[in-house]
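Listed after this line are the structures, all set down as structure tokens.
Next, two complexes with subunit A in common: one pairs it with subunit B, the other with subunit C.
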Partner chain A sequence: MWLTFEHVTKFYGPVIGVNDITCRIGPGITGLLGANGAGKSTLMKLASGQLRPNGGEVRIGDHRAWSAAAKASIGFSPDINTFYEEMTGREFVTSMARLSGYPLREARERAELALAEVGMVDRGDRRIGGCSHGMRQRIKLAQSLVHDPPILLLDEPMTGIDPGGRRDLSRLLVALAERGKTILVSSHLLVEVEQLTDSMLMIARGRIVASGTLAEVRGLIDDQPFAVRIVARPVRRLAAQLAELPEVLSLDLQDDVLTVRTLMPARFYAALGELALADEFEVERFETLDVGADAVFNYLQQDVG
Partner chain B sequence: MGIDIAHYHGWNGKLHSPWWGSLSIVRVAMLQVFRRKSYWVVIGLGVLIFILYWSLIYIMTQFEMGARTQTDVFRIFGFSPVPTEDMDNGYVIFMQRESIAVMILLAFSGSLLVGTDFRMGSLTFYLSRRIDRVQYIVGKLLAVSTVVAMMTVLPALVLYVEYGLFTSSTAYWRQNWKLPIAVLSYGAVLCAVLSIWLVTLAAYLQRMAPIAITWSSLFVMCGQLSTFLRESSDNRDWDLLDPWRCMRLVGKLCFGTWQHPGEETRALWALLLLATTCALALAALVRRVRAVEVVT
Partner chain C sequence: MKLARAWFTLLMLSFQRLLWSASTLMVLVPLVACALFLVYERYDLGSHDQGTFEETFDDFSTDFMIVVFTLFVIPVCALAYATTSIGGDREDRTLLFLLVRPIPRWLILLAKLMATLPLVLGIVVASFFVFCRLAGPVGREAFVLYLPPVFYMTLAYVCLFHLFAVTFRHSTIVALIYALFMEYFLGNMPGIVKRIAVSFYGRSMMYDLGARHGLSAPDPTWFVPVSAQTAVEALACLSIGGVLLALWIFSVREYRDLT
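On to the complex of A and B.
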């Protein structure tokens, strides 16, 4: 099932939450990345039918996102940490199943399945008030899974979960995606999403600033320099020769480590290779510094800013 | 801990209407209120009042004493199993006593039942389901109404049944069949007004302290002011300032017994007053829950 945004705009009074967003999200895991206040939660709430856009349309399959039919097709795990402290996880998930329209017996069975999926069966009778952050995340995930929706909207699901738990949840989400579910996972940390998927939507100041795989997104940035770190001998002579190349924007030499910035990485790499061969530089280490997701993200944010 | 990739089975049955979701909201609310130990102090107060009246009825009916003595003892406790000369319904008076416990319980539980949905953002759990805001509001109103009914209407009806049982004949029930109708009508007014006012107040104020202060002020201050003005001016119209008296008067509209001259007119004014405040509160509540304002 597809989640579609068509020219969606949402205002909060004079403040714009999201601005003319158009995108289509299909089966598999898609990461929604953005800094705090970028518009991730607004986008999630629009997708889960809790907010109506001021302009454009959000569709779940063929239905408008705020219709009952659309809501039956989504599971939403919000980015909140305090909820229904007096109830046990099992009671809470069962109640959410009943809110989805299931009779009590079916709701109980589904709650057990959902708790099993998130590894909470043995701790399901613990009061939510006594649960750790990670356990609460699992309970929220269980309530979003309880009615087996084709679309999952998970707002910061990895926050507060220990590394082992993250690995478990990543495995679960990948398995769910393999079952054909459409999963939108929001995060402000790229490293979390990178581990889950290669498919990303980057949002900043209410706009989608990039979409696609991380490599594709990096390719979109043609006005940001690549930083390349080189450990070579003799490093000062190499620096002097690199400084003469038209591809090089700047050089920085510290502790025999040379950092070069260039706008034309392909030509720079070719030139560096020729220099190394011709003048017999011994290149010990060579690494690009800013193809990591965080660097891409920072560039895009600066671009929008 | 490993994660079990369970597989859901298909559902061939018919899903309940979203209106059933309102009952789920009531169930969740009851779990929250009755699990919190501190609330049991207040619930205990209500139970103590009930036990006092239950014991009183038991003693008065099971031990030999003259009718006059019985009436005098009942009067000490402000109770009468049959309408008094000035048509007071003892069960309704009992409910007014219980209302003190209800008022305190609601003052403290408003934040838990409604406020946290807005303050912590847990409203999103509901609104991302098949229910919409109308069903959410109905669920919350029913939840508060259930608390009110459990502490007022239900025990009052139990006392009515108890008195009839202990008199060893059905004559009491046959002769006083209007009493439970009065209990139910007064209870309905209590449930409707208290739930609408509380849910709206809690949706806006959200935190326990402001809700408790405003709620208590509404009932205690207005009640005191009403009494003062009525006694100083000898004008019963000031009763309309007191929310409890207004609710009592509207309850009487359904029952149709009047104690004082002009009470029927005052009851109609009370109805107008309560209906207006409830309509305004409901409009404010719908506005608060409206999707655009859900954002936390």
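On to the complex of A and C.
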């Protein structure tokens, strides 16, 4: 089943949430990447029928996303962290199955399956009010899976989950995708999405600024300079030697902190390593400034702005 | 069939959550206070000259039924549950989990209303019955007579407060201000202004029905009641109109407007 956005625009009063977005999302995992306020949550809310577009149309299969019929085909895991706190995880997921129209016995069976898929069977009888953040994330995911929808909309599903849990969750999502489900996963961290899929949408200032495979998106990023901050001794001599390198685009030395920009980060790292070993520079700190998704969005936003 | 099952589940879920909510504790306080007041009054009256049945009936109707039960107990019980039924989900942000289920929005609100109504009616009628028993022979007569106005007023308040709940962000506060201040002031305004107050129609019904036991009508320059039939029609129209408007508002408003 396909999730379709056709020239979708959404305003919040005078502020634009998303601007003329057109895309089709089909079976498999698609990562929705964007900095905070970029429009990811608006897109998720439009897809889950919480918001209505001011222009264009959002469709779940053949139904408008706002309609009740479309809701039968989606499972939504929101970014909020509130539940019926007095319920246990098992009761909550069973209730959500029953609210999807299943009789009690089938709802219980489905809840068990969903809890098993997210690894919460043994902890399902704990009151939600006493659950950790990671457990709450799993319960949220279980309620989105319980009615076996063809489309899953997961808003920041990895937040608060420990590394082991992330690995389990990634495996689960990949397995669901292999069963033909359409999964849209939003995140503000590139590294989270990278582990899940090679298909992504990047959103900035309410517009899709890049889409396609990870390689295609990275291709766009590679045209942009990459910044590295170095604290080393003696820093002036290191700066002089780095300036000689063809990989270095520019150098900036302030308060003994050196900021280097390069278009070829891999070759620059190799050259820096060789210099440090050969000339015995003492590198105290070394950090890349542009590895986060925010930096990528900054690059891509330049095209939007 | 699936939709009916989902709707009934929502109704039952909402009923259980309301029943075990803080609202129940909140309404128990004034109800117990009223019961203690009536016990005290009866005991106290028993030691003095009680007057004729008509005089006692007039006192009970005017001092308790109109001032305490109509203007305070019914609106407080109605607002405690009616604003919580959908407002609680709004404030807790759990409404989202209902809105992404395959139940039309208007049916979600209808389930909430249908869960609230029997609960509030049950509490109001049961407490009314207990109060009347505590008041003695006068109360037993008043229960039979005043049950219709109590029923219609409760219905109207529940529907009206559901409308408040889908319209206003802080519906409990708005409903509280309305019930305890606006109703009182509007109901005591001169001329026809008082006709927009729910309590006006309830009181009109009581004066009309209580006349057979000698309940004296208030000063006509200040309060001109409508007939019991007109009051029933007005309260029924207010209830149905309020519900229809609430269902429409809830169907078209976006979730961000409801949180």
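One rule holds for everything that comes next: the second predicted complex is superposed on the first by the 222 of 305 C-alpha atoms of A that agree within 3 Å, B and C clash if a C-alpha of one lies under 4 Å from a C-alpha of the other, contacts with A are read in each partner's own complex, and residues count from 1 in each chain.
In this text, contacts are C-beta pairs under 8 Å (C-beta built on N, C-alpha and C of every residue); 3 or more make two chains touch, one makes a residue touch a chain.
Bear in mind the structure is a predicted one, so any value in this text is a computation, not a measurement.
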item	value
Overlay on subunit A: subunit C relative to subunit B, clash or fit	clash
Partner chain in contact with A:71 - subunit B first, subunit C second, else both or neither	both
Touched partner set for A:243, first subunit B, second subunit C, both or neither	neither
Chain touching more of subunit A, residue-wise (subunit B, subunit C)	B
Touching partner for A:50 - first (subunit B), second (subunit C), both, neither	both
Partner chain in contact with A:84 - subunit B first, subunit C second, else both or neither	both
Touched partner set for A:103, first subunit B, second subunit C, both or neither	both
Which superposed partner A:116 touches (first subunit B, second subunit C, both, neither)	first
Subunit B versus subunit C as contact partner of A:169, first or second or both or neither	first
Selected from 57-65, 147-155 or 165-173: the stretch of subunit B that, after superposition, runs into subunit C	147-155
Overlap of subunit C and subunit B interfaces on subunit A (superposed complexes)	12, 45, 48-52, 68, 71-72, 74, 76, 78, 80, 82-84, 86, 95-96, 98-103, 143
Residue numbers on subunit C that touch subunit A, as the complex places them	1-3, 5-6, 9-10, 13, 17, 20, 92-94, 96-105, 254-256
Touching residues on subunit B, where the partner in the complex is subunit A	1-6, 8, 11, 13, 15-18, 20-21, 24-25, 27-28, 31-32, 35-36, 112, 116, 120-122, 124-132, 291-292, 294-296
List of subunit A residues in touch with subunit B within their complex	12, 17, 41-42, 45, 48-52, 66, 68, 71-72, 74, 76, 78-80, 82-84, 86-87, 91-92, 95-96, 98-103, 106, 110, 113-114, 116-119, 121, 143, 148, 164-165, 168-169, 171-172, 175
For the subunit A and subunit C complex, residues of the former touching the latter	12, 45, 48-52, 68-69, 71-72, 74, 76, 78, 80, 82-84, 86, 95-96, 98-103, 143
